[in-house]
Amino acid sequence: MVHLTRKEHFNAAHRLYNPKWSDGENETVFGKCANKHFHGHNYNLYVTVKGEPDADTGLIVNLKELSIIIKSKVIDQLDHKNLNLEVDLLRGKIPSTENLAIAIWNELKPHIKGCTLHSIKLFETENNFAEYFGE
Amino acid sequence: MVHLTRKEHFNAAHRLYNPKWSDGENETVFGKCANKHFHGHNYNLYVTVKGEPDADTGLIVNLKELSIIIKSKVIDQLDHKNLNLEVDLLRGKIPSTENLAIAIWNELKPHIKGCTLHSIKLFETENNFAEYFGE
Amino acid sequence: MVHLTRKEHFNAAHRLYNPKWSDGENETVFGKCANKHFHGHNYNLYVTVKGEPDADTGLIVNLKELSIIIKSKVIDQLDHKNLNLEVDLLRGKIPSTENLAIAIWNELKPHIKGCTLHSIKLFETENNFAEYFGE
Amino acid sequence: MVHLTRKEHFNAAHRLYNPKWSDGENETVFGKCANKHFHGHNYNLYVTVKGEPDADTGLIVNLKELSIIIKSKVIDQLDHKNLNLEVDLLRGKIPSTENLAIAIWNELKPHIKGCTLHSIKLFETENNFAEYFGE
Amino acid sequence: MVHLTRKEHFNAAHRLYNPKWSDGENETVFGKCANKHFHGHNYNLYVTVKGEPDADTGLIVNLKELSIIIKSKVIDQLDHKNLNLEVDLLRGKIPSTENLAIAIWNELKPHIKGCTLHSIKLFETENNFAEYFGE
Amino acid sequence: MVHLTRKEHFNAAHRLYNPKWSDGENETVFGKCANKHFHGHNYNLYVTVKGEPDADTGLIVNLKELSIIIKSKVIDQLDHKNLNLEVDLLRGKIPSTENLAIAIWNELKPHIKGCTLHSIKLFETENNFAEYFGE
């Protein structure tokens, strides 16, 4: 069994904000990340699948096809978007890196065929990243 | 004469949008970068100064002091902010990487003492960056 | 359960040196890394915690608070220091990347509350790094 | 137990090509990666071993010695070579990143003494990499 | 005037080889880079243009359009190709990083409109790169 | 004329310290960088030469030979050394990044034959670097 990883990226705006709380409570908990006018990031997304290399191709999965799946199912929803206002896969969730990693897993999982989704690793910045393994 | 560079970073939301144009015109020119809900970036800023190393310190400028100047004059205005809505140094300007590099130069220039500001290099993403030399 | 990682960095001097051995034995085993005048590195430290995102915040841990803990408990002891001569958490240990990763784990572990410390990953250079999982 | 990783690199030419198939079939499956004149990559190889730091040295393994083993057993076979035409450890295999990671594991495994080989992580590009754990 | 840079990349095979020389002479001069079966690289290409930001758009050039020009005029010729055997812009030239940077300049120059091509910076590896300014 | 750059690296200890000043004055000016037990860095050195590619080789300079010159004349003096105590090319100078870039230029300059030394760019950390052009 080999793990194979594809990196994609997207740029998005967001704020950390719980609509059940007052602005003051949000600012106390999230600090400048709660700024009502939003801020944003260049997100780097690493999707790892695992499986046995096919005897005829040497591949676990065709990375070009995997890239197309990631782009059409996930990146197109997220790139140049506002994660709080207009992204279906985050509807009703606070767009933390943690929640976003889980949501990307759930969105991608049904579309990974012929190998197994192993992890979603999402960099919000060079200094902060989350990784989710599906449970 | 030696060039000395300090890297700082900030995260911000923006959109490319000319308020004199209709939404349709903006989308034609700027594509998804005009998204009305904004998107965002992790910006990396490289400030380069030049001068002769001081005989007693070996330094052109104390980088800790330069870092404090960049943070207090520029980063604090930009970090976790919306470049279209709430940043004084971009008031009335489209927040392109080009315009932002020029605006940072103009903001920093009066505060660089004892050496000469040489360039502002601003990465919007790993793939796109602007550099401004003051003229 | 999600893994969340925070990157910090510090710059330090060290040498690989066993005080129970002669200088010649140290040089035989450690080569130029045993240089008696020391050498140094820019260390990059990745602290990974794990847990379930809080329902109200979407966060496993507030990364700003985690960063403050890492800085106050670990970085302040190590940054711009000599790892052989003046760092309590390495007292009596050879400051190899391996030992330093373990020592950082032991120092941080009691201060991680509300989530679980998963790993300490420490880069001595781009080409060499150690990772410790607590056992 | 600590994991310790050493990074090495090599530059090589290859193509994805199954000699049992026609040129047309190869192009259908592998696209431009099947180009008969080859293309190439700067490969980055991360070799991870694990063990307990030695009480006298603080080291799991002397990284200089590990580097020499990786270079003499693996890099010298691969660097500035054509992975389809002249590399023994890939004889009869399609030089996919997956197969190459497995082949490097098999080549290195008998030479890792005093600690345990944990994983081979191989970057074909910044965006694509495979990781193999020996089973 | 602002400089604006766009990064693109391509993967290619090549060898350093002068067809006027014997194999022995080529190996003496170019060493393992002359390997007759080729080797290859992940090339990173930085195209820098300069001009004044347009008053209406804030842009020197639309980077999406610049990217399309670079890809259609240069990358499509080079990506997943053999630089010695099948690339028109290198016909009759030794595919050194230096020559490749010049050839890319010459190929792109006629297609840069509305701003000025400033430089071509080409990384063959992280450790080796060439930069050409058109004269 | 093309610019060609070779990257090398070294790890060293240093402190910012003017022996003509008291310890207190040094600490006032240099802060924690003056720590008497030293700290250290992973330095990245970029040496840029310029010239016209040779008609027969396509090269400005053989990068393997340039690398050997840089290593034998500069890196061997600096790697795994203490820049304050044991490095001839810094004798009598405060080992700031600025002074070190100038000293490397002066050391290398007489050994660059067949092309012209253009610049020395020296990274002390990812965030701080100096560049010297010989005047």
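A, B, C, D, E and F are the chain letters, set down in written order, and residue numbers restart from 1 in every chain.
Throughout what follows, a contact is a pair of C-beta atoms (placed from the backbone, for glycine too) under 8 Å apart; a residue touches a chain by one contact, two chains touch by 3 or more.
Treat the numbers as computed from the prediction; the structure is a model and nothing was measured.
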Set of chains adjacent to subunit C and to subunit F: none
Chain copies touching (subunit A, subunit D) - same or different residues, decided at half shared: different
Duplicate of the C-D contact set - from A-B, C-F or A-D, the pair where over half of the pairs recur: A-D
Inter-chain centre distance, subunit D versus subunit F - centres from mean C-alpha coordinates, in Å: 33
Separation of subunit A from subunit F, taking each centre as the mean of its C-alpha atoms, in whole Å: 41
Centre distance in Å when subunit D and subunit E are each reduced to the mean of their C-alpha atoms: 28
Where subunit F touches two or more other chains, by residue: 126
Which pairs of chains touch, using the document's own definition: A-B, A-C, A-D, B-E, B-F, C-D, C-F, D-E, E-F
Subunit C residues within the subunit A interface of the complex: 1-8, 53, 56-60, 62-64
Subunit F-touching residues of subunit E, taken from the complex the two chains share: 16, 18, 20-21, 29-31, 93-99, 101-102, 126-133, 135
List of subunit B residues in touch with subunit A within their complex: 9, 11-14, 32-33, 35, 37-42, 79-82, 85-86, 125-126
